[in-house]
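Before I ask anything, here is the structure I am working with.
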Amino acid sequence: MNIPARLVEGYRGFRHTRFRRERDHYLRLAQSGQRPTTLMIACVDSRVAPEVVFDADPGEMLVVRNVANLVPPYQPDAGYHGTSAAIEFAVRQLKVAHIVVCGHASCGGINAFRHNTLNGVDAAHGDFVTRWVDMVAPATKLALTCEGVDPLQDQTAMELAAIRQSIMNLRSFPWLKAAEDAGELSLHGLWFDVADGSLRVLDEAAGAFDTLDDAPLG
Amino acid sequence: MNIPARLVEGYRGFRHTRFRRERDHYLRLAQSGQRPTTLMIACVDSRVAPEVVFDADPGEMLVVRNVANLVPPYQPDAGYHGTSAAIEFAVRQLKVAHIVVCGHASCGGINAFRHNTLNGVDAAHGDFVTRWVDMVAPATKLALTCEGVDPLQDQTAMELAAIRQSIMNLRSFPWLKAAEDAGELSLHGLWFDVADGSLRVLDEAAGAFDTLDDAPLG
Amino acid sequence: MNIPARLVEGYRGFRHTRFRRERDHYLRLAQSGQRPTTLMIACVDSRVAPEVVFDADPGEMLVVRNVANLVPPYQPDAGYHGTSAAIEFAVRQLKVAHIVVCGHASCGGINAFRHNTLNGVDAAHGDFVTRWVDMVAPATKLALTCEGVDPLQDQTAMELAAIRQSIMNLRSFPWLKAAEDAGELSLHGLWFDVADGSLRVLDEAAGAFDTLDDAPLG
Amino acid sequence: MNIPARLVEGYRGFRHTRFRRERDHYLRLAQSGQRPTTLMIACVDSRVAPEVVFDADPGEMLVVRNVANLVPPYQPDAGYHGTSAAIEFAVRQLKVAHIVVCGHASCGGINAFRHNTLNGVDAAHGDFVTRWVDMVAPATKLALTCEGVDPLQDQTAMELAAIRQSIMNLRSFPWLKAAEDAGELSLHGLWFDVADGSLRVLDEAAGAFDTLDDAPLG
């Protein structure tokens, strides 16, 4: 079966525009290896590509993407833990200086969690998605405390609370917590609004997400 | 702790160039929801951003990224399975028409597997990475058969074999296999060479990866 | 009076995306001077920016733009000849290897010429535009010969004929003709269709414009 | 003679990336005609493409380019006046709201004028360039007054003074002056530094060029 024509076309477009222009940079990165300074934990959503939204250069950020940009709690057992493996690779081997949990509006995974909870769907329903998004259950309390609203009724509040919880879960990884305590690593929460392109930034000290100040679009 | 200046700068660049230009498209995607036709399974590597390499528009492809672009075998238990959840979301809910496993040259995860195997490092070493990349162990036989070389001595052969194995693992998901058998879904393997920007495409019938024919760069 | 907000915004977008990415290249070009290999003679039209349509890098092509991408005949007198000065600068000083006359569909200047001719508007009407576009009057015969249609009834035929005539006028510059005869310079004619993005290329030997063969858009 | 391979490659890159993404916009512009709000008067220099530096969309600005971005004085005679024709087209037919004279650092045309003047080269030397750039001779006094330096010794001062003079020359076009007086048109001067990407803006009231305030690059 042939690969989709759009992929071939898109690849050729990339190769003859951006790759051509940056090929020396790609070659250097291939020869010297990557040294990203940021680990971005983002959603699989097709509308929120981190390298696009942050106009990142090749080599700038390691990007792990899963449904709803979640960080599971530290659980070093015999199972396959893809997100945790990426975090270990970023922190212990590449020694990134920043980890960013980047959520977004209209998240299908967060919406599924709200739907399941409101309708009493069991976490064992289906094979993987229901169980995976059930991971954010503890965040409902965070939303009540921080956003002051019932996150089951408010999609945005649940999305923001899930970001907070993922940051808490990051701190359950002992070597990550140690790096943060040593001042070698900082953790950040962002939320991107697909509809208007605005970005909210978590201010942990103030306990709030603030919209990034920016010039209006023309 | 403030978010990195480069992220703010990059975001502002995006917002005032590409987002401004495509904001109607973003707004429509926010209002009507995403309908990607492709699930891309890619690596966390900072040099291989799928939306860049395939010049994808917002909304075109769902992207799951983990260390070494691996697909675990079907294992529907009580654990958190991030990659499998993304696959379930893509196939059962979004009903994508294509799944692409996209590997690349100089993959740190594949290199770690080769190093560990050659040096007898136990899969339980460390917390997550060693165990995660050990998932490709069965692919060593595939490489011997298909590429005809010892993949422990040949990084590219191991990378290509891992793509083959991930496609085999995809077919262990019963509803995915059913969709493929029904002609509703097709599976593809790609491998991107960071150094020269070339792309190899898996031809399953011929049992080989072929470099995509393309005009030379000027 | 302040400069338009869109210019400031656009400039900031450029500076923080493309300029940032290519600033080493810009710096080198500033230090070593430009060495473009092509002179592009294009229209002032807001829909046909040569650097966009040909995805040109900074430093690649010298670009002169006037109404209807016209080349006046060689006329070295005491008047100010902007287009001829650009041609002299390109050929005698920068020694470009190519000159491209790039026309396009829906050209307002060509349309004005056709309107004026059909309605008997005198070339002295208005201050400059009528006189300027009247320069293409000899091309009406070229269109009858080469395109086989009455160019006053056919906008595209007139646009193509005007490109042919500009190339003839280029050859009236003695040092340019000498460079072409010496094999150091080649002349080309292109026509861009704004509506569908196709490009026609003048084949002088065959006496025809051919659409550039290209893969269809996805 | 075939067109340069880089042009074909660049065109294909454009067509399969930006044109594909914006083709609805191009089609609308082809059907409804252009309505640019700005006339940009820029240099032929290969390093200073206005649509790139101001990240302009198709349809946004009419662009006339000549050696050293000069505006000749109003001279409605039987000669061919390309720049003046573009100005007439922009002001009287398209009724643009802004005219921007955009100069830049390391301008070859301004440098030629300084060289010629310092070395007593006659304006009749060569065919067109010497005469064309001699147009800025009156600006040497402007530079002494406004920049306070001898512009024959200072390339930047001469470049800035030439922009001032072009704006004065614009006001010699009676219908342009009338539009400005009626508040329907505003005139602007900009100067782009190729080496560091900074932009200076003419403040006519204050009699000075100010660097546009901007965030530093990361």
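The chains carry the letters A, B, C and D, assigned in the order they are written, with residues numbered from 1 in each.
Everything below uses one rule, namely that a residue touches a chain if its C-beta (ideal position, glycine included) is under 8 Å from a C-beta of that chain, and two chains touch if they have at least 3 such contacts.
This structure is a prediction, so every number in the text was calculated from the model and none was measured.
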| item | value |
| --- | --- |
| Partner chains shared by chain C and chain D (touch criterion as defined above) | A, B |
| Proportion of interface numbers common to chain A and chain C (over half same, under half different) | same |
| Between chain C and chain B, distance of the C-alpha-averaged centres to the nearest whole Å | 45 |
| Euclidean distance of C-alpha centroids - chain B vs chain D, Å | 48 |
| Where chain C touches two or more other chains at once, by residue number | 6, 9-10, 12-14, 16-17, 20, 55, 215, 217-218 |
| Chain C residues touching chain B - in the complex, by the definition given at the top | 9-10, 12-14, 16-17, 20 |
| In the complex, chain A residues that touch chain B | 1, 3-4, 6-8, 10-20, 23, 26-27, 29-31, 33-34, 36-38, 44-56, 58-67, 70, 72, 74-76, 78-90, 92-93, 97-98, 100, 105-106, 108-109, 124, 126-129, 131-133, 135, 173, 186-188, 190, 193-197, 199, 201, 204, 212, 214-215, 217-218 |
| Of all residues in chain D, those that touch chain B in their complex | 5-6, 9-10, 12, 16-17, 21-22, 55, 57, 215, 217-218 |
